[in-house]
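Okay, so subunit A shows up in both of these, paired with subunit B first and subunit C after.
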Partner chain A sequence: MSLTAGQTASPDTLPARPGPVRVWSQRPVYVLLATGPALFLAALFLLPLAHVVVKGFAAPASGPGNYTRIVTGGPYLPVMLGTLETALMVTAVCLVLAYPLAFVGSRLQGRLYTVFMALILIPLFTSVVVRSYAWMVLFQRSGPINQTLVTLGFIESPIRLLQTPFAVTVGMVHVLLPMMVLPILTSMRSLDGTLLQAGEIMGASPARVFVRIFVPMTLPGASAGIILVFISALGFFVTPALLGGARSTMIAVLIEQQAVDLLNWPMASALATMLLVTAVLIYMGYSRLTRRFNEMRA
Partner chain B sequence: MRGARIEFRGVSRHYGHVVALHETDLTIEPGEFFALLGPSGSGKSTLLGAVTGFTPPSSGQVLINGKNVTDVPPYRRNIGMVFQNYALFPFMTVFQNVAFPLQTRKMPKAEIKQRVERSLAMVRLSDMAGRLPRQLSGGQQQRIALARASVYDPPVLLMDEPLGALDKNLREELQDEIRQFHRDVGATIIYVTHDQAEAAALADRVAILRAGRLEQIGTPRGLYENPRNGFVAGFLGEANRFAVDRITDEPGGVRLATREGLTLAAARGTAGEAIVCVRPERIAIGEAADGHANSFQGTVIDAVFSAGSVRYRVDVAGCTLLVRAGSDRTRNAFDAGAPVHVGWDRDDALVLPA
Partner chain C sequence: MISLSRRSLLKAGAAAGALAMPAVARAKPDHIVVATPGGVMDDAFEAAYFAPFKAKTGISVVKTTNQYAKLKAMVDAGSVEWDAMDCSGEQAAVFSQQNLLEPFDWSMIDQNGLLPGTVNPNFTLVDIVAGVVAWNTSRVGAAAAPKTWAEVWDLKRFQGDRMFWKKPSQTFEAALLADGVAPDKLYPLDVARALKSLDKLKGHISWWESGAQSAQLLIDGEAAAGYAWNGRLAGPKANGAPVDFTFNQAMFLADAIVIPRGAKNKRESMELIAVMLDPENQANFAKRVPYGPVRSKAMDLLEPARRAMMPTAPENFSRGTLVNGEWWAKNGVDAAEKFNSWMLS
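Coming up: the complex of A and B.
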């Protein structure tokens, strides 16, 4: 019996390899469904964004004047570099903390796993402002951290914790950690356990199996976490504004100062554009890297 | 390299109150191709897990070449294993996959290269060395897995349903290849499967398991011809099975009344045995059926042709009989609905416990 197009296939006449699946986006109904959200995004996201980009070139005189100022002097470039450095640091700390945390989580079953996920997710659903204020309380001169350190004799008198890069890093790590844990956890839980068994039965010790198989297999999750955390960290505002103070300013804090305090909207726009372009470039580099990596491996 | 002897001494496995494997003693001879056959949950994977060390037994010992390995971790057991899903490392090339066990053994690079190439040549995939596993077909992946499991000459090779994920034609092709492979490497192979035809085609000996117990061990032919009970008879090959109601002695053997209402003659049988089995190919059909101790008139329900034989379903007094006959065009050609004669000898009726 031959199978012709349009004919209903009974299970035993189904071809072993299904033909190309119809691309869903060609269906008019889906195009219609996508129109609303597309218009919404265009009006409320793309247009204002374009406005910001244009504004950076429009005033005080039309031309790249704001960008010349950014490159030639002022706090702009050092703050941008400091932002990149902080973001890198936060990402590194997140990775170091999240990988073992996700590993533990990936071994859990049933109720324990539910509790673990709740512990990871509840902070994610808690306002960043609330969490940053909580850190302010902890980091205060008379706060519990200083008191504990004094009581234990590590320091003689309370030290300054707030308004340091340290406080910013800790606060940001706390906020961003779930975004690192979740993709890593997903890659660990979807890892086929027989691969690890195969490695072990072929003579690799558990430590070697971990390094040679487990880590490479969970690298995609880690790289997704890295890019999520790094790009989010670049634009962080609330946490550095509350915990950082003037000396450890991040670029988003600087943009806010320009826009709100100094009312220098063109400069704020130029800085925002620079941040956006930086993030886009980093993402493009990342996606190109992962694509090449994926072509190289499975 | 020669294969190792594998001994199970009183091996059992419990999960809480659930017994996955009752105390089992079993010796597998060096170089033997040994199949563990049974439905899922019968304990065959548990036995395998006791050899690998991934699911250590709750009691008992596992010995490889006389050495107690029960407490030896898997990576020190020097065992090769082929998994149902191949378990090739997706981010490594074929060459790197096969080289992996040699690298863990700290072999010099030149020797690794030489051995990997020899191993790939053996499974006829030398030109795939630079490919990634996902660029290969299922059958090719499984052959790479064979090469990888044997490249370090382990004296024991375990195969856990290695052909389970492949389609039928490929399965039969790879069966031939695995038999050749066994002759080439000489390792003791323990082969887990729930496919009785596969076990019979490959193994020197087959152990049939049910509900965590060894039901019977023997050569495929021995198990087929002398099953110990109805389960074994039904699991290995096809069988017509009737429940026995009453057994009475008569000249030349016994007479059985089945629950289905048939009266059958058998060579031997003792009271308390519950089942009578007749293999489909032992039943004669048509003119050939005349003159047998058991002889019935029936109606053909349907006839299915397969290579070399025809499989009839024949209705005999409300019972459905399976009959397999050579597809001789002149003599054995009965259409559905045709009245036929069927018959078999006393010796072909096996009376067994359930």
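Coming up: the complex of A and C.
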């Protein structure tokens, strides 16, 4: 991919030269640069991954036994669907929160911008376990949220907040929000402001400028954020395990159970493969969709 | 054969008294690697077992985290870095069933006065944990305090969530005891009956994922009563937290020591296990962590107050049931599947 990008980029930026130039060709350099990482990935990522996929078919008997078990009953498919649902919900909430947040951030300059970035980034450096425990304290019946609601008279007695899908969504949004904010922020800050001015000069209302120019121009950022958050959410483990109740079981929890508690690695491999294939299919569908959308706009 | 002659050589050396350790066929390692659970347990292991082992043999113990899956990965790959590992008794049974362990050389260990169930072909139990009926004393009055699982199940007895481990193991046992199954008739577990019993608590359960979380749920009153391990509550209770528990209808679980198949220093690991099962060291461990010794003589070395906190003190041990790791090793996969499906229902 980087090869083709490099090749197509050079004719645009470099002045055309007469005849082929053999003084310095980029191709061998790119190949050389790519070899190391490619070997690294092949040996330490693709090979073990292939091993996992094969293992799912290898035992207890060779064949699709584990997959038959997954699709014919048990908790596996419902948990997978629940995982997709949770990931979708988390992604939607992240998008709704991150877009205005990134907009504010994109208007800031100097020290204020530094503070803004620090506020977005610092949570990334805090352990997910610690953050989940913090939410447990906030959400419990004797916690500040329940106390406040009771004091203000919204509820008569503390309600169950912990171990609900609500708690899981809040906890996951808290963890994943930066991954939505950052790409959107980047696209907003790199937006050419003169385009907006041009729109205004041509007589468009601010709302129209926003909808017709600003939003479409920042869509690639949002699109990157959506896919980052969604795919990460699919594999979430700690937050749903600690904040979720009986029905918030995510597929990663089942995989961990099979791999660590039961040492049933073939089943763990089959479940992991199912998760991977689901994620890849969704990614492919999504990228096709965005490509189609871009073509339509162009 | 070689090890036999070496042992008789050692015995001869010991008999001779002041003789230095004879040079043996294989060089003695200066350290062995033991996988441990971390936290308070590690401190107690270090003080009660690893330090005396070092004093006795000159071999130091390097600790590492006991990730269960890693043991299987290392044995499967034929590259075992660990010489021994601490794990739950149930897990030891799973490892054993999957042929991941070295057989024990029990001839190296005095088996007198060991708790029944301690001695297994390829693992030993080293201390006993009690899973107990626990409650929050500010949410549940003294009169309503539950003494049995049936009373925990009784939603009219007191208000508030009941808490359990988010796993089928131990939760099923509690559910069956609550439903009136006699402790000695628990195994083989009637999974369908356990789930039916759990149905009665649907919507009133707070699940915990880790021991620390169980203590938190109960101390904060998020749950009014339920299941927890005694070691997680003894400290808070002594420090005045509003929690209490009873050994009545307790479920006894064990810490086990295993030697991964292909471990490099098996002999030294067996020596360490002998040190861990020494009465005095067992007592020193029990003074630090309220998990019961498996060596009855160790019990005599404890103060009466401390002794009363021990799951294996006879008056406590007789009131509960030992969790059957073997049953779980055989039926764990199916049980987990049914439990997870029930959770979603």
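Observations on the structure shown:
Just so we're on the same page, the second predicted complex is superposed on the first by the 244 of 298 C-alpha atoms of A that agree within 3 Å, B and C clash if a C-alpha of one lies under 4 Å from a C-alpha of the other, contacts with A are read in each partner's own complex, and residues count from 1 in each chain.
Just so we're on the same page, contacts are C-beta pairs under 8 Å (C-beta built on N, C-alpha and C of every residue); 3 or more make two chains touch, one makes a residue touch a chain.
Just so it is clear, the structure is predicted and the values come from calculations on it, not from any experiment.
In the superposition on chain A, contact is made by A:242 with subunit C only, not with subunit B.
By the document's definition of touching, neither partner reaches A:280: not subunit B, not subunit C.
By the document's definition of touching, neither partner reaches A:41: not subunit B, not subunit C. By the document's definition of touching, neither partner reaches A:50: not subunit B, not subunit C.
In the superposition on chain A, contact is made by A:265 with subunit C only, not with subunit B. In the overlay built on the shared chain, the residue A:78 is in contact with subunit C alone; subunit B does not reach it. Contact comparison for subunit A: of subunit B and subunit C, C touches the greater number of residues.
Residues 52, 54, 73-81, 83, 85, 87, 89-92, 100-101, 104-105, 132-134, 148-149, 152, 167 of subunit B are the ones that touch subunit A when the two sit in their complex.
Across the interface of their complex, subunit A is touched by residues 67-69, 72, 91, 94-95, 98, 161, 166-167, 205-207, 209, 213, 216-217, 220-222, 332-333, 336-337, 340-341, 343-344 of subunit C.
Against subunit C, in their complex, subunit A makes its touches with residues 73-75, 78-79, 82, 133, 136-137, 140-143, 160, 162-163, 241-242, 245-247, 249, 254, 257-265, 267. The part of subunit A that touches subunit B in the complex is made up of residues 16, 192, 194-195, 197-206, 208-209, 212-213, 216-217, 297-298.
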